[in-house]
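What follows is a structure written as structure tokens; I'll ask about it next.
Every chain is named by a letter (A, B, C, D and E) in the order it is written, and numbering of its residues begins at 1.
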Amino acid sequence: MPGIENANPFAYVSTETIPQSPPPTAAKGVAGWLKTNLFATPRDTVLTIIVALILLWIVPPMLNWLFFDAVWTGDGREACLGEHVGACWAFVEAKFGQFMYGRYPAELRWRVDLTGFLLIAGLVPIAIPSVPYKRENAIYLLVVFPIIAFMLLTGWPFLEPVETSRWGGLLVTLVVAIVGIVVSFPLGILLALGRRSNLPIVKTMSVIFIEFWRGVPLITVLFMSSVMLPLFLPADVSFDKLLRALIGVALFSSAYMAEVIRGGLQAIPKGQYEAANAMALTYWQGMRLIILPQALKLVIPGIVNTFIGLFKDTSLVLIIGIFDLLGIVQQNFTDTNWISPATPATGLVFAAFIYFIFCFGMSRYSAFMEERLDTGHKR
Amino acid sequence: MSEQAAPAPAKMEVSETEVAVELINMNKWYGEFHVLRNINLKVMRGERIVIAGPSGSGKSTMIRCINRLEEHQKGKIIVDGIELTNDLKKIDEVRREVGMVFQHFNLFPHLTILENCTLAPIWVRKMPKKKAEEIAMHYLERVKIPEQANKYPGQLSGGQQQRVAIARSLCMNPRIMLFDEPTSALDPEMIKEVLDTMVGLAEEGMTMLCVTHEMGFARQVANRVIFMDQGQIVEQNDPINFFDHPQHERTKLFLSQILH
Amino acid sequence: MSEQAAPAPAKMEVSETEVAVELINMNKWYGEFHVLRNINLKVMRGERIVIAGPSGSGKSTMIRCINRLEEHQKGKIIVDGIELTNDLKKIDEVRREVGMVFQHFNLFPHLTILENCTLAPIWVRKMPKKKAEEIAMHYLERVKIPEQANKYPGQLSGGQQQRVAIARSLCMNPRIMLFDEPTSALDPEMIKEVLDTMVGLAEEGMTMLCVTHEMGFARQVANRVIFMDQGQIVEQNDPINFFDHPQHERTKLFLSQILH
Amino acid sequence: MAHTDGVADGTEDSGRASLIYDPKVRGVFFQAILIIVVAYLVYSGISNAAGNLARAGIASGFDFFGERAGFEIGQTLVHYTNDSTYFRAFLVGLLNTLMVSALGILFATIIGFIVGLARLSRNYLIRKLATVYVETLRNIPLLLQLLFWYKAVLAVLPNPRETGLEQGTTVLWTLNNRGLYIPRLIPEAGASAILVAAIIAIALWVVIGMWAGKRQMRTGQQFPTFLTGLAILVGLPLLTFFLTGMPFDVEFSALQGFNMSGGTVIRPEFIALLLGLSLYTASFIAEIVRAGILAVAKGQTEAAYALGLSPNHTSRLVIIPQAMRVIIPPLTSQYLNLTKNSSLAVAIGYPDLVAVFGGTVLNQTGQAVEVITITMLVYLTISLLTSAFMNWFNSRVALVER
Amino acid sequence: ATLDDVKAKGFVQCGVSTGLAGFSAPDDAGDWKGIDVDLCRGVAAAIFDDASAVKYSPLSAKERFTALQSGEIDILSRNTTWTMSRDTELGLNFAGVNYYDGQGFMVRKSLGVNSALQLSGASVCVQTGTTTELNLTDYFKANNMTYNPVVFEKLEEVNAAYDSNRCDVYTTDQSGLYAIRLGLSAPDDHVVLPEVISKEPLGPVVRQGDDQWFSIVKWVHFAMINAEELGVTSENVDEMMDSENPNIMRLLGKEGTFGEAVGLENDWAYQVIKNVGNYGEVFEANVGESTPLGIARGLNALWTNGGLQYAPPVR
């Protein structure tokens, strides 16, 4: 071998330890940050400048409209008329009750508030991973709460009844979204299992069902359920309109849910099925005890995403004349007392803000869960 | 099946008369592919059988047919006196009597070790939870990991997981145990842990069918070694004769590769 | 850069004068963390250098600085006479001269083995496809897997993949090769295949910098072993002296752990 | 468990199995029940509907398709007047839906890819801006966004009479709240030559592409195919245009009365819908693209760089081909969503299928069952065709591995 | 039969518009008000002696007939134009005309237009699924003019579009135009053009095939007109019970069994008038001169005053 027998001219032993020293200024501090993040290359610099200019152009007028030029108080359109008037928040303030509850009788709104409180009381502990009693909590949310909520909101059978046509605003939005998710969840599981079944007819029907609902627009489904469903029922059977919208939404979202859950089922290794089999568990025992608990945990993010989609889609019930949040906001644009150039924009921005808070919250939560599952579940 | 408390099985010899598993002219196809061809095999109660053979020779498939994880298409399989047919009830009965340990353990990751072990006794044997836990702890002690009972499978090493898998099977108090390459997914150091556990089981007289290439294990515990190739049983013999005087060409070739 | 046909490099001695790579007072930080501290290193053309050191000592980082996969913040790096600065053109020039083999091969899974090897010659060297393929086949033969040329990386074993990775680098006809733990993701049997290939390369006089813990390899082919710790070069020497008479405390400790 | 209870091959010598425990028998039994239940539901639905319709004296059937529609539609891609049939109206709605969906898909894909890449940019400002874009648009209902865009578009644009145009004078283009007006080309004799030229140009582009590919493989020389192709595509028809003596009558628009007349108009409803659909869907596509690119291991980029490939070539030859297989399946769902979401056009007065056919036609004819059924089937068909195409495409780019 | 169903469930399900001031619109408290609403309340009063036994389904123009056909609502009282095809092909029956209307146009004053004949080339905002859409086409066609339709599903959307100057012209029934003008940001900037381009008899609609229910709705309407003609109001109806006028006696159920003939109590009309009022009262309260809409009786005056409102006698 070459070079080995010669004494190596490079032989070297370090005599001192070079201490850890701070990076040169270019790499740290504000300047370093700016350099690497904003002005790394000439192209970056140009882009940064262009973007900054655009922001300068957009943001200040936006802030002006939203805050500085906005009208915060007033009791009629006069307050919001004028040359340089921004958002008409007085309108939102005056209509806030309607936006939240619709035409739910004012003296009975405590029932809605109580329902909301009961919901939060169930949701918060189930959403925080470290809180125990998940199973009990889920039962409360999926079984007990819906019954209480139903009785509180409709008044049946003990309280003064409030018909659903008086419900509206955020109340309806939440009712549609929550009922949609609660109903579509078990239905989605069944459909997902059906689609993976090897009974050909069960499988075919699940596939047809899922593909059908995923292939048609929700608004045609809603229209169908809102005005055409009675045509397909015997003459003397009738449902509440809201209920029918709920059925439409639930069927629609169960198809999406089924696909999410199927993804989870597919991710469970075959060995788990075989182990369950080898231990003489029946099909349903195996599903309930082994497969579904794992699969559902895997797809929590997907489920939350479906829920976000559903929550946004509730705005479509407006098209069939149910006054959800967006519907009631829009209806109030025609209130002669409040009509002004700023009113519609303000109303829409307000509605957008409410939807955003809910959806963004949920999407953050789903991202959080995804991270958790990712670290906790490596195989 | 009868409920039993954690048993302390006596050391047992091979029974001369009691048949544990019998395969008669058994054939299986995957689609057009004939995986198992005319398999005839009689396993007496208490026998320890090691099955060897090249990859793809049908070892796993044969063993999986015995507890009906795979369906056979021709011939008979009789386990513990029960013939395996489409009858779901009989399949369940057989599965309750036959424990199985997989190459990749297949523990349930969402359940603790203890819950893994008590699941089947509770739901299949309808045992009270307390009793199931007692039995489970008994077997976890047997496999020397009682202290891990409340951990989750993901927190255990491969060898420990495989021992849990064995304990889990034992909790159902099976009369026959099937092992499908139980050590081949393990690091060398862990293989020994698991083999020791299996040797212990064998010494207590459990009827065992074990697919493995651990020839040391075969020599030590097997009554019989079966060699399979291309879906057929090519040769069977007691371990000494099998290793020292293989008859069939295929066997000789195979052994020459395995034993260097 | 000049186009060259598949070369048959002559056996070469270490050049006394030609410097292949030179690091002068090189420093690098990750954020606030000082990974490389005052590195000074001169590699002559034809030298084979092995870099060893505990995990996290900055070996990979140093090697990655040499073909600018990482940017250094202080000091100079001169490769083949070209100083590495922000100048993209120079970086490209350097990268064309420096081949790199990664721990995890990083083959392109969507291309066949042959396409993996011809991609860079075609697009970077602007070589006709036919010629690129000839050269690729030449190097695939060198690493003894010409028959795999039309398979996809996923269809090859780890050892084969790493050999493809080496061939892929060689196809660019580099003057310097960098290896970052090329064997540490491989099974023991496959390590040998790859090391053999590398020994072959070394014998042909390729300038090599190789991060590895294969001390047998170091003894066999290295001109020099560099030992790094905490971002510094702690000791360097020829292999015999390095292994038999380590000077620095840190080196002694490390060697006592590695060589049992 | 499902996969062991499966369909047996029948060569069984197991006649003794008691029937209830035979999975085959069970399967047949359950499925038979399922069929009966579903068939009953379908039957009773249909018979109820028939009964209810008959009782109410409502005519049913598809004869109405041939009748005169008698209403106008704001935007039509094919010739349509109020004397056309309902079928023609259906066609107009369908084409409008297809047009807005196709353009929406195109724009959403382009914007989505740009924003997705921007989220991975080294530039802090661009990265954050892209994040804000995605998080905002994803979390606000599309319907609301459409209303917003419609109002915003209308609010910004002036009334045609406020744009300072003189009555009767033609203009090349003008933008007001009635739409974007551009000249309309009315083909005359010889115009078809230009079409032919365009087709030839496309063919040439393909040929050049293939030739350049071959030449590179042969000699290693690279060729600016894209630019050349573009030049040919623009140049050849333009050349023909002048050579044939400009065989077009150009109709310019002019302010006539209180509105513009003549020319081609792109209406604000369409602009708002296209804007809303594209921007909303793009926010989802951006996330898909980002995830797809992140799914390609970092080592791939490094390996490509180490081989000396430029960042451009690295993206084109190494990263994107690998990212595509992760991107395409979810991208398909977004395309389907966009198509379905185009039905929200009804809220901002764009005459799509749901507005024209499921709205006006349904009302004028009163044939709700027929109209809604057809509408649903049309969407279903579009969805299935899109999926089929994307599946085919996916199988072509899918990674051949193992 | 519908009456039995209604009695069984205890209320009348009434299809109304999604909000048209004076005809059917919810007030701030969420209670529905308007001429069309009062007709439903009258029917409820006739059946239950309680005008509030009504539930309302707000319907878009597009949904209304399907909703009635499918049985979702019992009466459609939603400024719906009586046309032959609707009466004959859709399985519906119009039970009378509670408002005679005609389609008109509204434009911005700044356009300087004073006749509909000057509207050629205009953009027209219109609601989908109405006779309006068809009349519009016919009118422009007949006068050799062109227009550009901008069609929306909901009234709010049409209003918003017109208000933001998307269209030059807003067309709908004239009564509607007045109501809508009130809701614009600057009502005084708009004029309603004089032309009335169509006959728009608006009235309640029921399903075909249930003559009894048809009669009830029809006669509730007639009773209100007859009451105005006879001078019976909600205030004086109790005194009128003592009236000797045989017409009044028959109307209020003192004589004959007219109510029983349609399955109601004999005092059905008394209940209608007592709880809701006569036609004149209803008109004045909802759309009359004293309301912001300020619509004159015009065609809707009683025949005795030169209008068209004429009801067959109770006899």
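Remarks
In the analysis below, a residue touches a chain if its C-beta (ideal position, glycine included) is under 8 Å from a C-beta of that chain, and two chains touch if they have at least 3 such contacts.
Everything numeric here is computed off the predicted structure, so don't read it as measured data.
The minimum number of touch steps linking chain C to chain E comes to 2.
Listed by label, the chains that touch chain A and also chain D are B, C, E. Centrality by Cα centroid goes to chain A. For chain B, the chain whose average C-alpha position is most distant is E. When the CA atoms of chain B are superposed on those of chain C, the rotation angle is 165 degrees to the nearest 5.
Distance between chain centres (mean CA atoms), chain C to chain D: 50 Å. Averaged Cα coordinates give chain B a centre that lies 57 Å from the centre of chain D.
Distance from the chain D centre to the chain E centre is 43 Å, each centre being the mean of its Cα atoms.
Across the assembly, chain C contributes no residue in contact with two or more other chains.
Residue positions of chain D touching 2 or more other chains, listed in rising order: 4-6, 52-53, 55, 151, 155, 346-347, 368. Touching two or more other chains at once are residues 66, 69-71, 153, 160 of chain E. Pairwise chain contacts in this structure: A-B, A-C, A-D, A-E, B-D, C-D, D-E. The residues of chain A lying in touch with chain B in their complex are 269, 271-272, 274-275, 277-282, 285, 289-290, 293-294, 297, 377-379. Residues of chain C that touch chain D in their complex: 67, 69, 92, 95-96, 98-100, 102, 104, 106-110, 119-120, 122-131, 152-155, 168-169, 172. Residues 216-222, 297, 299-300, 302-310, 313, 317-318, 321-322, 399-402 of chain D are the ones touching chain C in the complex.
The touching residues of chain B, counted against chain D in their complex, run 29, 68-71, 73-74, 76, 83, 85-90. By the touch criterion given at the top, residues 4-6, 8-9, 11-14, 16-18, 21-24, 26 of chain D touch chain B in their complex.
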